[in-house]
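In the two complexes below, chain A is the common chain; its partner is chain B in one and chain C in the other.
What follows is the complex of A and B.
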């Protein structure tokens, strides 16, 4: 991506993410034959949170939420500025860890439990992202997005099983049913979010939007830069995630790892075997 | 003036000894048929992120500290809605030894929703009415009318350690409530 596109895209990332979040809430409501909130509801939530009186547990806790958002934003910036994909993933992991430290830094049982679950969730989705990037490297010989986006055949056709593996990891990353264990609103009241209020809860809301942008820009890599295919992937994944979120109940974290990890590893191995057979045949 | 709270009020629902009749009706409001999410309302379980406190039940003596605690933990601007006859006045339990005759004996109430149990339509009407009150409020601190101990302010917040006063001090301070004699 050229600098002149990347800069505005990075600035606009939270806005795009907020729109995605709003659209997600609307589409989930329509699936339940409800009217649902307005499309701009996440932004109204943010404005409301900014004008509430603030309760801060301790300054370090609040600072970690801010650091979480900034590091997340930096990782998206690196992705847009054609940086190494592995570096992007590790910066993203760093952001998650900052939130985990924030969760452990307060004496709230739910916050601590949410932090532990956040770690378990990252144990589930991070290997998938790393395996996905390694597969992209073996196929295209580069860790940079530009190399993948300019190639003739998009990764969706050459690495379909890796794409399915990523699809399984997405509900874990975006905290959606059945794998929303780290948020679990009825159970641990939002996990690490529980002790944040006012401005800092708004910061976490923006981080949630940035997570959407991160995930969907990762999916964009699979379109190989073809806009029609990218749009098809976006709409398909968006509707699929909303449908799965509506239709399933939450599993426990043990079950989550038992369900996802073997499935993901099998899919990745299948894809490697197919690729190597193709190479031998050629 | 709190302009944006009106478009995105988050609820906190607390059962202070209700028979669950009103609670079922509140949950019916959140379910697809009545769908109060169309007003941007979300049911949070967390007082420090909530704007509206919905209380059902006549406030039993076991629940009164929890009600005050939850109210104090909510950041301003905030409104309180008493849902159902019990929460408004004590209802059929009024004057009994184990209840406190309604929410307003402990915390200031902005909207009363009568009915046994309150209909979902009434609850939606009351919540929408409370949004008008919420719009007129600002970040100024609001206090419970009664705490177990004395109200003290510590670094801009209600010092909740005062809540842990003895029951005897509460009984002494509350002779103006209770049975009508």
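What follows is the complex of A and C.
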């Protein structure tokens, strides 16, 4: 992506993410035969949060939410600026860390538990992102998005099983059922979020949007830059995630790891076996 | 004698001389001499690395080698005596077996006129690690040991032992002759035995004995390798080994690999390193960071060109890979801070040996970077464990809550220590990153699969461990804490020695992070190229200013700087900031009234996992031997 597109895209990332969040809510409602909120509801939510009087527990706690959002934004910016994908993933890991520290730093059982679960969740999705990037690298010989996006053969066709592995990890990352253990509103009341209010809750809302952008940017890589395919991936995954979110009940974190980790490993192994057979055949 | 040789001779001789002087000095001279020793050793190792000459060789006269052989017997006799004295038959039998083996070998040793000392780039880099980081630890120990209930004389002895240890390590990395390597290996075993048993209580003695017999298995393993090499290859030098062409009998190499794995505390031989935690903390710091366990990746790096692409390499990758993940899981189930650090060392040593065993230039550079920078990070972490123990009287992680409030400096150091292993832009991270990037090395896809899976999962397990502890450090700060200007931040008062050593290591980490590109391109990659004996025309890694360039990707300097800013500066600055015009409230906690008194979660399966996997790993050791036999 040239700088002239990257800069505005980075600035617009939260807006994009907000729209995604809004669309997600609409689609989920429609699946339940509800009308659902308007598309711009997340922005209205944000405006309301920003207007509120500021109640905080302590400054460090509140500021860590801000740091979390900044680091997330930076990691997305790096992605758009054609940075090394592993660096992007580890920047993203730093954002997780800041949220975890925030979650632990207050005397609230739900917040602490949410922080722990945030860590458990990252055990599930981070390796998948890393494995994705490495698989892309073995196939395209580059760690930078530009090289993947200009290739003739989109990764979706060469690395389909890795793509499935990523799909399994997405509900964990985006906190969607059945793997929304780190948020789990009925259990731990939103986890880390619970002790934030007003402006800083708004900051976390924006972080959530940024996570959408981060995840769908990764999915975009699998289209190899072909717009039609990208659109198909986007719509397919978007609807699929909403459907799964609607149709499944939350599992425990132990079950989550037992379900996802073996599946991911098997999928990765299958993909590598297929690739190596192809290479031998050629 | 050129200047590189002069440097290494000084590094071999000076630590011993200083150690002797320190032993016979009072408190003032102990401080003064140790300072002089640490500074001069560090300066000499820096000078050694700045030399243009990349390699020097020299030999000793035959009486010199006789003397060293005598020393060998002396150490073994000492071990035998320890074995009988403590009624530990394991130690006694292993020692006697070694004496017999050594006597048999020493009659047959080939004298091919190969130089017995060889200092190459890898050795020079090891000097830097040993004397730089080890020196800081010895300096730290000056103050630490004063808080122990022990006499002045024993305090001097402690510091002297630490400094002498550096001498042993310098000797170990300078030798070319595997027989002398064995001597150095046994000498480090002796040094660690003395240091682990320093407190002279029941548990210290017991754990020191464990360390002794376990490491002697490594010694036996080297001797067996030596015997095989003498009989079949008629060579006992690293330099001639690495020049062997074609199919090379792997059994002696397999024995050397096993020695490395034992020294590197890989499961099921992890017991000695964890047992070492009973010793004064500087002992752990020096064992984990710059000496002892670092012999393992060092030896593997030397052997890597020989085993690359063989089944031996694969079985080593398998074992170390399993250890890498298991050690992370074990660490998650520990509560004692030092034991957590120890498990993380075991795991990361696994990673270092794994990457070294892959044997491609990229992977070996990864191993080297990990080995060097992990040393700095682990030293920093262990020193903070010492500070926590002596100043704040805390050893367990569940007592670390709110540490950030009353010990912000220590917390900062601990955070930097962990972050510098887990996240960019630090050297250890770059090592992990290179390890992952190793996929470019042209290995078969399926061979690659195992290291890739292990590295991507293992690094996240360890990251979770670090993040958990960093979370606990900031845990449960009181709601009204620092809600107004009246409660300004209070820095803890630490002894100047602690502060200096902490900031010194932090400075090294920070500088290495900023200048990582030239360090990689001008020091680490050439060292690996020299090991591989390759004169590659096109370098695969280069420094573009301060950016790291690789053929397939670039890490720009702005990214390094940004990472540094976000990882190191932002959290402390945000901690110092105070929000104005806000209302401070108590936690909402969904209106729950009960006091939440849970501290943190640990993974509970640790013990069970350990027992189960010790068996599997013992099997994997057998597999390594087997692959050696097949290679034969």
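Basically, the second predicted complex is superposed on the first by the 282 of 282 C-alpha atoms of A that agree within 3 Å, B and C clash if a C-alpha of one lies under 4 Å from a C-alpha of the other, contacts with A are read in each partner's own complex, and residues count from 1 in each chain.
Definition applied: contacts are C-beta pairs under 8 Å (C-beta built on N, C-alpha and C of every residue); 3 or more make two chains touch, one makes a residue touch a chain.
This is a predicted model, so every value here is computed, not measured.
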Residue contacts on chain A - larger count, chain B or chain C: C
Which of chain B and chain C A:36 touches, first, second, both or neither: first
Which superposed partner A:112 touches (first chain B, second chain C, both, neither): second
First, second, both or neither for A:53, with chain B first and chain C second: both
Contacts of A:194 with chain B and chain C, given as first, second, both or neither: both
Residues of chain A that lie at the interface with chain B and also at the interface with chain C: 53-55, 189, 194-195, 197
Parts of chain B lying in touch with chain A, wherever the complex brings them together: 2-5, 7-9, 32, 35, 37-40, 44-46, 48-49, 51, 73, 75-77, 139, 141, 157
Chain B contact footprint on chain A (complex, rising order): 25, 29, 32-38, 41, 44-45, 47-55, 185-186, 189-190, 193-198, 201
Complex contact set, residues of chain A against chain C: 53-64, 66-67, 70-71, 74, 78, 83-84, 86-87, 90-91, 93-94, 96-98, 100-101, 103-112, 115-116, 119-120, 122-123, 126-127, 130-131, 134, 137-138, 141-144, 147, 189, 194-195, 197, 265, 268-269, 272-273, 275-276, 279
Of chain C, residues touching chain A in the complex: 404, 422-424, 429, 433, 436-437, 439-440, 444-446, 448-449, 452-453, 456-457, 459-461, 463-464, 467-468, 470-472, 474-483, 552-556, 559, 562-563, 566-567, 570-571, 574-575, 577-579, 581-590, 592, 594, 596, 598, 600-601
